[in-house]
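What follows is a pair of complexes built around subunit A, which joins subunit B in one and subunit C in the other.
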Partner chain A sequence: MQKGGFNFDLYQRNVELIEKNNYKVPKTTKTGTTIVGVVFSDGVVLGADTRATSGPIVADPNCEKIHRISDYIWCAGAGTAADTENTTGMISLQLELLSLSTGRSPRVRTALTLLKNFLFRYHGYISAALVLGGVDFTGPHLHMIHPHGSTSTLPYISMGSGSLAAMAVLETGYSSKMGEEDAKSLVHQAILSGILNDLGSGGNVDLCVIKHKSMEFFRNIDTTNSKRKFRKKLPYMFKSGSTKILEKEIEEKMRKMEIVNEKENAIEELEEL
Partner chain B sequence: MAGKNCVAIAGDTRFGVRNQTVALDSNRIFKINNRTLFGMTGLNTDILTLRESFKFQMNLYNLEEEREISPKTFAHNVAQTLYSKRFGPYFITPIIAGLEGEDYTPFLCATDLIGAMEFPKSFVVAGTGEESLMGVCETFYKENMEPDELFEVVSQCLLAAVDRDALSGWGSVVHVLTKDGITTKRLRTRKD
Partner chain C sequence: MLNEFSNNTISLFLQKKKKKGSFFNFSLTTFSPNGKLLQIEHALKAVESGATSLGIKASNGVVIVTEKKLPTTLIDENSVKKIQKLNDGIGVIYSGLGPDYRVLISKARKKSQQYFKQYNEIIPVNIISRKVAGIMQEFTQSGGVRPFGVSLLVAGYDHNGPQLFQVDPSGSFWAWKATAIGKNSSNSKKFLEKRYKPDMEIEDAINTAILTLKEGFEGEMDEFNIEVGVITNDKKFRILEPEEVKDYISELNL
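Entry: the complex of A and B
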């Protein structure tokens, strides 16, 4: 079995296929996305939309973009879906091992350093733009991480294709003295603005409120965008037998043999002998 | 596509090199165990390579764990295998369909070529005709279909989409997986 890390075995073959044979490469799933983070008096609120696209087609209308790094450190991801999933997953496990070996609860700053070092090593080829937020014993923190490995620490952040729409709402509504309800409503409005105005974002709104030793995840807090209003009432009914079949093969599951009272029978046989 | 305690996978059986048809009986849907079906589209050599690779991994899993793999675990395994080739990927789009747990809840998973998973409740599509397939499945899909109706819906969706795609066709196969076993049916399609 192979060792850890990425495997570059097929790289040469793929280059030749694309250049010489004009092979049409399957599309990667991107999370066009609007992701937002806001710091309030007691903690951090993270928000994200739920659309994953594959070119112009919506691959997943309800995906989860807010990933768990640790119990009170969560991360929203934009960019290539596989990259955000696997990067946050890898850093989550590294952080868990680190916190077990040091015997201390993890800090947001540690997750930040792990993520930025990982992404910088790949010079932007791992396309993951992240909004990292959490509360540790030093207080609430919010950071943005770009695919090339640069980071910023700010009181409110928006990233993804819908970041301009979301930032407009944040700039208008943000105040440093916000409470939890105000922050939640601001993030909600920012994500909604991204969903409505940006083509790469859509679906429902997910929210994650992190305070000291408490985390609340509101999955699909707003689903007004995903209910189809004008749906045909009567479903199409296909009568049984409407499709012409050439051959039919049925493979039945082998029933498990039930062994009952095995030991008792064995002892009885011995006694008889 | 998922139904009530059953799932179905359907695919065509044409193997071609751009516009030339090379084979009419290439099977791209494989049975992993009694609860999991696995289908792939894309570059044929990668389909064959991954088929062997997963067969090897599943045999090892069965020997070590002394039980059958669940569809969800297998889906994660597929995603991890694909992501390890992130820079230099396999050119395939896999679909995993199975029945999860003691309740036989339907499980569907589709990933892209580098392993980004999605778990829809209704249907997953892949291949050269995927855009047509998505449209027709979105129209005909109903919740909680019994196996017979699920078979009809899946077949009609496949046949409709395949007729609109020049690179698909020349025979098709539909597998319906329920807790009692797998029913495989071959359909008559247009041979052009």
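Entry: the complex of A and C
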């Protein structure tokens, strides 16, 4: 059969189904998302929210949107959850093969090229918008990758449905002389802005700080927005008699047990076992 | 919009074009009247005349060493790296034909990534050994190809602890506590039989390995004409730097 790309054989059938037979197209799980990346003096900070939506429903209130490409190259992904996970997964494997073959630690620009070439082949049908950041032997790098395969290199980036809210915070707070704590706090605020002002983003804040030969992942660094204030106490207790009994039937399943041989200290023996 | 018919004819055409290179439909490795596969026997001979490599499995790690005998001093030893990594936790060494080894390493690395893609788990040592053995067996039963002229020693540390496997040109593989392949393999193995202890620790094993290699070494052994690879319970395979190897050698000379 054919080698790669999408198979459009069923395209006509699908169009007919939708138009004539009122077929409902299944909804993909999108990561509504706010993802952010910022370069600081010693490295890069990546941040993401943790809400995955399927239409108007929150499919996963605490998903991981920051993916590992290599030890010091990480990638935050917005768009279709399956696309971002599998794309970053595949490029991660390719990069490991390459680094074993060349005997060098991988470069961020290599990951960038692999990702953009991959996405371009699919002409935007793979809905993965990525913020790629890392530190290699040439220094810290931060890039944004659009689903069609175009890339940009910038000192601060935001993507996803919450990108406008996050960018507002970044534009206000960014300075080229930021240190690690400032950068972390800026990313944190930017993600919070997305979580609060965008419906597609929510949940907790994840942060990833990458410096030369060091990576710190702060999973759920901020959970104030995901604590459910109004929660019914479990278990559900219904008043006795609230369900009407229509019929009653009692079946004898087991005859009464007889104690044939009672052992002293039987309980102690069982505990020893 | 391409329909299925034209899709298939185009792919068939491309396949036919691809097969142009391999004219042989029959295997070149066939049984002799006394039940042997002579090509494999010859391949094993090629291994036997290759540079010595040996490996020792300790209680908390594995060490593999090889002699890096270069034909002339003009060759840049830094460009020759005989011990290779398959992934972070598995290292390999060989005896036999270098180019065949390179091809196998390339295939083995790809297999280990494919395994990770499929199971989201780092490939265990016995499974990658089995897969490499499978590749080597393919080449004893396919059209127009010859067996690989290498035996491999695969050293790794996974959830089953430290392991050392040998993979042969025939495609057979098995686990060793300690072994040697290549030129002085039988003498080295006798030496190892006496020295091996099951509760050996990795430092001891490294010393024993270098000592065993020294026994059959022609000429002066130094940190530039041997390679040492070690993996311990941190599960990271490491090829020792020449300075570290120099320390071990000087310890032995004392």
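Points worth noting:
Following the convention adopted for this analysis, the second predicted complex is superposed on the first by the 213 of 273 C-alpha atoms of A that agree within 3 Å, B and C clash if a C-alpha of one lies under 4 Å from a C-alpha of the other, contacts with A are read in each partner's own complex, and residues count from 1 in each chain.
Please note the rule applied: a residue touches a chain if its C-beta (ideal position, glycine included) is under 8 Å from a C-beta of that chain, and two chains touch if they have at least 3 such contacts.
This is a predicted model, so every value here is computed, not measured.
Ranking subunit B and subunit C by residues of subunit A touched puts B first. Legend: residue contacts after superposition of the two complexes on their common chain; A:A59 is shown touching subunit B, with no touch to subunit C. By the touch criterion defined above, A:S185 lies against neither subunit B nor subunit C after alignment on the C-alpha atoms of chain A. Using the contact criterion defined above for the overlaid structures, shared-chain residue A:L93 touches subunit C, although it does not reach subunit B.
Of the two partner chains placed by superposition, subunit B and subunit C are both touched by A:F8. In the superposition on chain A, A:S101 makes contact with subunit C only, not with subunit B.
For the contact definition in use here, the residues of subunit A common to its subunit B contact set and its subunit C contact set are 2, 8-9, 11-12. If you check the complex, the residues on subunit A that touch subunit B are 2, 6-14, 17, 23, 25-29, 52, 54, 57, 59-60, 62-63, 80-83, 85-86, 125-126, 235-236, 238-240, 242-253. Of all the residues in subunit B, the ones that touch subunit A in their complex are 34, 42-43, 79, 82-93, 110-118, 120, 130-131, 134, 139-140, 142, 148-149, 151-153, 155-156, 159, 179-188. Per the touch definition, subunit C reaches subunit A in the complex via residues 1-4, 7-8, 11, 81, 85-87, 106, 109-110, 113, 116-117. On the side of subunit A, the complex with subunit C involves touching residues 1-3, 8-9, 11-12, 89-90, 93-94, 96-97, 100-101, 103.
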